[in-house]
Every structure is written in structure tokens, then in C-alpha cells.
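Here chain A shows up in two complexes: once beside chain B, once beside chain C.
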Partner chain A sequence: MEELIYHLTNILKEVSGYIYPNEIELHWGLLIVIYPYLTGLVAGAFILASLVKVFNVKELQQTYRLSLLTALSFLIIAPLPLLVHLGHPEKSFEIFLTPNKSSAMAMFGFVYAWYLMAVLLLEIWLDYRKDIIIWASSEKGIKKWIHKLVSLFSSDISERAIKFDKKAIKAITIIGIPSAFLLHGYVGFIFGSIKANPWWSSVLMPIAFLFSAMVSGIALVLLIYMVIYSWRPKGINMQCLDKMASYLFYVMIVDFSLETLDFIHRTYEAEESIKILAELVGGKLFVSLVVIQVLLGMIIPLGSIATAKLFKMPEELRKLIYFVSSILILIGIFSTRWNIVIGGQLFSKSFRGLTEYKMTIFGLEGLLVSIGIMLSPILILYVLTKILPPWEEVRNP
Partner chain B sequence: MRNNESSEKQNRRKFIQHFLFACASFIIPGIIGAQELVRKVGTWVLKNGYVPSEHHWGMGIDISKCIGCGRCVDACKKENNVPKEPFFFRTWVEQYRFLENDGVVVDSPNGGINSFKAETSEKNIIRSFFVPKLCNQCDNPPCVQVCPVGATFKTADGVILVDKEYCLGCRYCIQACPYGARFLHPETRIAEKCTFCYHRIIEGLDPACVEVCPTQARIFGDLTHKASPLVRFKRMNNLSVLKPSLNTEPKVYYANLDGEVR
Partner chain C sequence: MLSIWKKIPEQIKRLSFLVILIVAGYLLISPLFIPPDFGKYGHFRASAVEEIASQQMNYVGHEICANCHEDVSVIKSKGYHKNVACEVCHGPAFLHAEDPGSATLEAPRGRSYCTLCHEYLPSRPTGFPQIVAISHNPMKPCITCHDPHKPEPPVTPKECSACHATIARTLSISYHIYLPCTRCHETPEKHKINPREFTPSKPSTREFCGGCHSIDAKSDKGIPRIDLATHGHRYVCWQCHYPHLPEAK
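The block that comes next holds the complex of A and B.
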């Protein structure tokens, strides 16, 4: 308590203009920035995977399993920042037991459970089932039992069963696309439906969240693909990489258009809140919004990828451009989440003043915990690739 | 062979059915139970014989009467054990000063609890007034709409309360309140707000802030009783509510409110 009071007293000195006294404490911090970032990566990675199964993009076959595993490792961690942030995490199960029907947030548990159980786990299981059974039959010791357990002790690899698996995967992917839209569009709705906050309240929010999610998810898989495959004997497949970069580019165009539309719409309508929002964007959010989100995270990667494609640059240069661009994009989308979540709380709902967000290093809501949460999916992905290798060469014909 | 297969299929179907029932049995009692509880809230009778559904509470605030003494803020903090630090308020008072150059200065040092310094040296102030603020006990409350577990709810008498047992401390309600009327209690980690001093009004008393106001700038009463002081206040004054465009339908009515107040 004393720590909090000391922290708030320091922030009080940074307040400019007038803000309601209860607004000095900023309630949704770094952890709530991470939550939509992680779910966005999940949705994006899954949609990339679905390109292979539903739209038959053959070039991306190599990334199919990798995308699914990436989506799973990030999805497992996604609820963690929410849980850590709660004042009473021990009561969190109430969201399942006594959900308030009118609350967007109450739907979280159900949307999450649906996506994890009915979509991701099921699709991964069906896709790997045959391989796991075959692996288990030739393995010994603990590995055999892990694979037996993961296959849920199924053993049927008759032609009929495999045919069914394939059909089921296609059906699940088709259900999975709207589900991925739901998972992340719904996160956008949590913010977009708050009429009290003009920075959030926008009908475009869910759809802008969705497209930025796809951008970040594809960039993440592209990055992971490049890092992993440059160490693997087969090396990076340039066709696959080019295709991913193309999809990344198209989705970015849509995302950028949506953001621009939002900007034009706001400035053209120039509602009551426009003055304070302009002050926010021109001041406290200038670096994170204009410089990092728009310039570094959007315009530069867009321009670079376009140039690389247009002038048919040599392979090594293209690789470098894709690599750097996807890192910039990942930072840019993180910044997007930051600007939405933190930015939306920096101005007073009296529209008369601005407050400050000071990140702490230690403590549950501090920087260290957040870094831990952000890195843990990578660790999970590493373990998953050991249990369920996503490489094409180990796939059984 | 065929027989075996079909019985296997039936077994599988049975298993899936049972599995789904088992899953549902975890969730459904809770959902039904919660809805029952919400329905019952409408017919509650409290131990002392108070019947919420017979009342509909509201507050009137006459801006022209408020002298910014801050006694209401002080009384509220004492009555409701609100932390004394300047970041937690169930009610606070704002000062508005209009300058010659069309500028407006708004402030509320420590919520106005220690009153406001008279700034006689400032010659360019052309007009000034005080605005007491509190939870507007909206009839269409955004905080109740967003609460994921229904911890914050509207009672039959129109007051918005928070159930301490249920509140998760997710703070969605704080984000959804357009008036900045909510805060997270630093010790209990639970959302807090003005309750119209619910423990007092069910005993037939006025809220603490109304009780101590030396100028009767705050009027409390029952909107359904024709003889209540609030109904009279509503009849005698030109009224406005805060942020009417958000359609929250506040039950805190301001008389002589300036358009600059948000």
C-alpha cells in the first residue's frame, strides 16, 4: 500500500491540466498490453496455417505445423497476464461459474476454451495422429509413452481413419478461421465497446485488431521460420519465404488502410474529445505512435518489402529485408497495443488533462514479470517442437 | 463385425453425451444460480424491514449553493472508510474558474477536502463555481453492463452496489465509468464507489455528504414519493445531468449547471 501511494504521489507531479482524482492511478498497465498482443499472435499464426489447408497455398506447406505449434504455445500463455493482473486471481473461476451475460469480458473464458479445445488442440492432434502412432511404435522408454499419451492411445492408422482425419482437419480449419476472428475480434470489442472512452470506442476496433493480429502473427512465424530453418540441413525455402512476405504485405496494406481510415474519420468528425486526443498524440504518444508504430512498424517495412519484390532483389538481400522488417513489425504491433491500452488511459475522461504511466521494474505488474511472460511461449514452442517435430522430412508419407 | 462396429459407434456416442453432460454440470448450476439470485434481488426485503422495491433513490445538487467547503468529501471518507490519500474518492468537489481570455481552469486539490484557497490576487477571473461529483447511480449503468461476474449490480431501489465477495478486481468497471467515480481500494483490491451511504439510507437517514452540507446544496430523496424533497427540487429547478449524450441516465441531477462541466 505504501509503495502504491509513493508511486501515485510521484505520478501526481506529472499530471498536466485537470484529471478526475480517481484517474491518477492507471489501472490497466503493461500486462494488459501483453494480453491482446499474445492473442493477436495466436490468431495471426493460425490464419497463416489455415492458408495451407483451406486455400491450398502449397508453398506454405513447410510452415503449416510450425504455425500451429506457435499458435498453441502463445495461446497457452495468453490468459496468464490477465490472471496476474487481477486484484483477486483466486476468484477468477467465477468468470466460468457465474458469468454476467451482458459483459464482453465474461465471454473470455468461453471463447478461449472453445479456441483451445475445439480448434487448436483438435487440429494439431488430428494432423499429427498418424505420425505420433508411427513414431511411438518404433521408440523406446519415456519418449514412446509421451507419444502414446499425446496420441490419446489411439492406434487406428487404417486408410479409412486417415481419410477421416484429413476431412476433419479441413472442417476444423474452416470453423477455425471464424473462431480466430472471434478470439481476436472479441478482444477488440472489449475496448471498442467502452463508450466512456473516445480513444477506444470505435466500431473499427475489432476489425483493426484482427488485421493487426494477422500482421503480427505472420511476421512472427516468418521470423521463427527464418531463425529455425537457417540452422536446419534443408535450409530456408525461398519460395515459401517470398510467399509469406507477400501475404504479410497484403495484410499490412489492409491494416494500414484501416488505421488511416480511423485517423481521418476522427480528425474529420472532430468530436468533443479531439483536442485532448491531439495533445496526446502530439505529446506523450508521439514516439510510440508516430515514430514506432507508424513509421518504424508500418511504413518502413511496407516500403522495404515492396522494394524487395518490385526490384527482384537478390536472395540474400531479400532475406535480410524480410528478417529486419518482421522484427520491426513485431515491435510496431506491440507499440500499437501499447498505444491503445496505455494511450486510452493517459487522458482524463473530463477531456481536460493528461496523466502519466510509470512502469515499475519489480512486482507482479512490473517489467520483469512481463518479460518472463513474453518469453515463455518461446520456451513452450521449443519443448513442443521436441515432442511434435514440425519438420516436413519426419512426416510419414 | 458390422454389429460390433455399430455398437462401438453407439458406445462412443453415449460416451460423448455423458462427457458433455459432465462438462455442463460444472457450469450450468452456477449460471442458473446466479440468474436466480439476480431475480431475487428485485424482491429483497432487508432484515430491518426495508423494502428496496418501494424506493427509487436519487440526488439533487444545486451548483449555486455549493461553497466548496469540502465537508462532504471529509464526511464521506470518514463514514465509508475511504483511504485518506488523495487518489481515492467516493465524492469530490471541483472548482471551475473562467478567465477573461476565455480560458477555463479546473482543479480539485485533494478532492477539495481541505476547501479551496481564495485567490483574490487573480484579477482576471470573471466567474467561478464549485461542482460536487459522485457516482451518478445511472439507471443505465455501463459499469454493471461490463462486470464479468455481476459483482456490481443495480438494486431494486436504483442504487449501484459492489458485491465484495464476487469482485475479481479486473477494473473493467473503472474503465467503463464515464465519470471517474470508481477506484480500486488499495488494500482490499476491490472496486469501490459511492453507495449513497446505503447502510444509512436503509435506516431512513440521509447520506453522510447530504447530512453535513451546510448550505443544503445536496438534496437526497425518493424519486417515486411526491412529497420527497428531491421531487420538489426537480420541480423547482432547471436540471441537467452529466454527459447526457452517453445515455447513462444518471440519477444525480444538477441545478444551474454550466455547459463547461464534464
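The block that comes next holds the complex of A and C.
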């Protein structure tokens, strides 16, 4: 009790204006910031992969498998922050047993399961199937059995079977794009439909979430590609990197326009919440929104990638710009999620005051757990690349 | 039949087997975990209703109280506390209703209980009876002057500050401190008893303030003056100047 009072007293010092008593402490903390961030990375990475199969962008072939594995490793972890936040993870499967069709949150389980099983796992399995069979035939010991199990003991690598795989992959990717939109659009939908909160309640929310997801996903794959391939013997393929940067640039323009449109629309509409929102943006969210999200996460990367392209800068400089820009974008999009989730709870529904978010370091909702959750997809990706190497040179012709 | 089976690609057969395994597993496991009475009335366990209904009751509701305490109930139903249930102050009365002899109820006698609702708070609606407990008859239990079943003040507040404490405090450091509230606000006598139905007035003309502040007003020399014909166009003075703290610095 004493600890609680100490905690609340500290927050109370930061409260300004008039707020309702149940608004002092935020209900959704850092874990709920991470959740849309992770699903966004998944959707973005998958859409990058689909560029190769559906839109036939040959330059990105090298990143196809890497994008799929990145999407899978982040998707496996995506529900974890929710489970940690809600507690009782052992009860989570009950949403599948007694589906509540009128709850958007409960339906997420099905969207997630569909995306994981019917899209991502299936596409990876079909794409790798031939290679896994060949690898298993020349391997020994545990690795052989892992590969045999992963291939579901399949053995048909006839031309007809491979042709079928390719056709099926294309079909799955085509289904996968709306599925990825659904997965991340859903997260925006949840926030967008909370009509009592003027910071969230906007029909643009799912679309804005989606485009920011694409931005973050492409930036993540670009970063992972640069880090991994700078250590690999084949090195970074500049054509591939330039193409990725171009797509990143185009999607960012759309995302930036959408966010600007949202901003203009809110300002023009000027509902009764506009004053408190202006105070929020100009005060408590100034650093995370104006400085990190817009300036560092959007304008500087947009400007630097445009300059790198426009002036045809030397290769090494371009690499440096892409590398720094993608890090800035990833931080910027994280900040976007922060500003939406935390920002939406900082102002009082009375529109007359602001509260404060105090992050804890220890505990389930704390910083350390969140860092652990954020790093675990990287670990999963490492294990996945050991079992299913995405490198071109191990691919069988 | 065999020819159709042969035409299906090998990988599809294996995947189908996996899918069948998952679906069969789901169908087999789900009855074990779904309570048999789930969904009978809605998206919940039907037996949950009985479980909740079988819990020990604590409150009985004011109708039961009125059965025995009709005299109090009649008085209370006409007073300001008509919407405050008996058990809010007297506590859960289930046991008392079952056996009035052995389980007796208590009424709060201290000052701290009434102030849960009646202590002055800026966010409480204007007109709601509020006091600053530290200066309002200190140490005296509320019930010595107020009957909680018919809470009308024995003496209506003499000072406006009894209810309008924020304004009174603001006014205390203002140039207008020596003006009585009624100089500007015409206040019907009934406002003290029924504040929300009989509200005080506000000055509605520029000439009202001009009575002291216009160039030709017959008032003290130190008072700031303006030319009503040219100053502030058609706005009423209090649209720009806050009369409780004019020209605050």
C-alpha cells in the first residue's frame, strides 16, 4: 500500500489542470506500445516480401526469404506483450474455444492464427520445401531429422511438384497482402473505434497504422539485410539496397501525407478537444512527437534518402545514409506508437488537465521485460536462419 | 477415386493431414474445456448466474428499511437526501433486516463521514452544499445542527463564501474586495435554499460598471476610468475584465 501511495504521489506532482481520479495512472503502458509496433513490423516485412512474388521486383529477390523469416520471428512474439499485460496466459486459448464474435479484441486471435498458419507458415513451407528435402538428403544426425520433420517427411521434388509450389506461393502471397492489411489494420481499427477518445477516434487510424507499419517493416528488413550481408562473403548488393530504399521512400511519402492529412483535418475540424490536444502536443508529447516522430523519424530520413538518390552519392555514403535513416525510422515509428498509446491516455476526458506516465524498470510492465520482448524476435530470427538459411548460395537451383 | 487421389500433389496430402490433425484436435479438446452450460443464455456460463445469486447478501435496499421505519422514510423522501440510500450511511443491513434484535446498525457520528460528499472541492457542481470543514464550526458533530434525514441548514448561510469558496478567495486579493456580492449580483432569497432553481443575476449593461468606472462617474478618485463611448465597443465589461479579480497582475 505504501509503495502504491508513493507511486501515486510522484505522479500527482506531474498532473496539471483538472483530471478525473481514475485518470491519474495509465491503464496501458509500455507493453501496449510494443504490441502494435511488433505487428506493424510483421505486416511491413511481409509486404516487402510480396513485392518479389506478386509484383515481380527482381532486385529484391535476395531479401525475399529474409523478409519472410523476419515477419515470422516477429509474429511469434507479437501477442506476447498482450499476454504479459493481461496476465493469465494459460487462459488465452479460451478465446478460440468460445469465440466472441462481437468483440474486436477477441477476434484478433483468429486474425493472428489465420495470418500465422494460413499465410506465413504456409508460404515459408512451400518456398523452402524443395531445399529442405535436398538438405535433409545430404545431412546427418539431428539436423537431418529436424529438416525431415519440418518438410513433413515430404519427398516429391519433381518438376510438376515444384511448379505447383510456385503457383501456390503466388496465390498465398496474393491472399497474404489483404491478410497483412487486416492484421495491422485491425490494430488501428481497435484504437480508431474508441469513440470516447478524440486522440484515437479517427477513421484514418487503420490506414495510417498500415502505412506506418509498411515503413517500419521495410526499414527493419533493410537494417537486418545491411547488418547480416556486410558480414557475409557475397556482401551487400547495392541494386537490392537501392530498390529497398526507394520503396521505403515511396511508402514514407504516403505515410507522411496521411499523417499530415490527419493533422490538418483535426485542426480544421477543431472539435472541443482541440485545445487540450494542442497543449498535449506542445507540452508532454513535444519531444516524442515533434522532435522524434516527425523530425528525426520522418523529415530527416526522407530528406537524406532523397538527397542520396538525387545527387547519386557514392556507394559507401549511400550505405551510411540508408543505415542511419532506417535506424531513425525505426525509432520514429516506435515513437509514433508511443504517442498514440501513451498520448491518448495523458489528457483527461474532462479536457481540462493532463496526467503523466511513469515507466517502471522492474516488474511485468517494466522496461526490462519490454526490452526482453523486443530482443527475442532477433534471437528467434537467428535460430530460424540456422534451420532455414535464407542465403542465395545455399538455395538449390 | 484412386486416380483423383493420385492427381493431388504430395505436399497437399501432407498439409491436409496436418490440417485434419489440428481440426480434429480442436474438436476433441474443446468440449473438455468449454463448460457444458456455456451459451445457454448468452456469451457466459449459465450456472454463473446461480453462483452469483447464491452469494451471501449484504444489502437489502431502502424499500425493506421503509417497512419498519416508515416515519423516517417519509421524512427522508421529501428531503435533499431522498436519493441517498439508507445503507449508504448506516451500512449493510441484511442481517439487521433478518433479525433486528441481535444485529444493530450504527450511524456515523463523526465529522469525517459527511465531508466525504460535502467538503469543498472545486470540481463539485456549483450550488451543491459544501463547507470548508476546518473553519465550519470546528469540532462540532454535523448532526448537532443538521438532521441527515432532512438536511436543511438550521440557519441559511450568511456569507456567499460558504458555497462559493473559490470566488471568495480570489476576491480577497482583488480591488473589488470591499464590494458586497449583492452589489453586482441580485440574489433572490430562495437562492440560499434552492440554489440551482433561483440563480443570482449578472450585470447585463456596460453602464452598470460605468457607474464607478466611466469618466463622468461620481466615485472615488483612485478608481480607473474609461470613456464608455469609445472603450470596448459593444462588449459587456466582464467579457474582457474578470470582475472578481480585475486587472490581475
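Just so it is clear, the second predicted complex is superposed on the first by the 387 of 397 C-alpha atoms of A that agree within 3 Å, B and C clash if a C-alpha of one lies under 4 Å from a C-alpha of the other, contacts with A are read in each partner's own complex, and residues count from 1 in each chain.
As a convention for this text, a contact is a pair of C-beta atoms (placed from the backbone, for glycine too) under 8 Å apart; a residue touches a chain by one contact, two chains touch by 3 or more.
Small disclaimer: the values here were computed from a predicted structure and weren't measured.
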Room on chain A for both chain B and chain C (clash or fit): clash
Touched partner set for A:Arg232, first chain B, second chain C, both or neither: neither
Chain B versus chain C as contact partner of A:Leu86, first or second or both or neither: first
Touch count on chain A, higher of chain B and chain C: B
Which of chain B and chain C A:Asn100 touches, first, second, both or neither: both
Which of chain B and chain C A:Ala161 touches, first, second, both or neither: second
Chain B versus chain C as contact partner of A:Lys358, first or second or both or neither: neither
Touching partner for A:Lys143 - first (chain B), second (chain C), both, neither: neither
Touched partner set for A:Arg129, first chain B, second chain C, both or neither: second
Partner chain in contact with A:Lys275 - chain B first, chain C second, else both or neither: neither
First, second, both or neither for A:Lys58, with chain B first and chain C second: neither
Clashing chain C stretch [against chain B; choices 94-102, 166-174 or 220-228]: 166-174
Those residues of chain A which chain B touches in one complex and chain C touches in the other: 18, 94, 96-98, 100, 102
Chain A-touching residues of chain C, taken from the complex the two chains share: 9-12, 14-15, 17-18, 26, 30, 33-34, 38-39, 43, 122-123
Residue ranges of chain A in contact with chain C within the complex: 18, 93-94, 96-98, 100, 102, 122, 125-126, 129, 152-156, 160-161, 164-165
Of all residues in chain A, those that touch chain B in their complex: 1, 4-5, 8, 12, 18-25, 27-28, 82, 85-89, 91-92, 94-100, 102-106, 108, 190, 194-197, 345, 348-352
For the chain B and chain A complex, residues of the former touching the latter: 26-27, 30-31, 33-34, 85-89, 92, 94, 105-108, 110-111, 133, 142, 144-150, 166-172, 174-184, 186-190, 246, 262
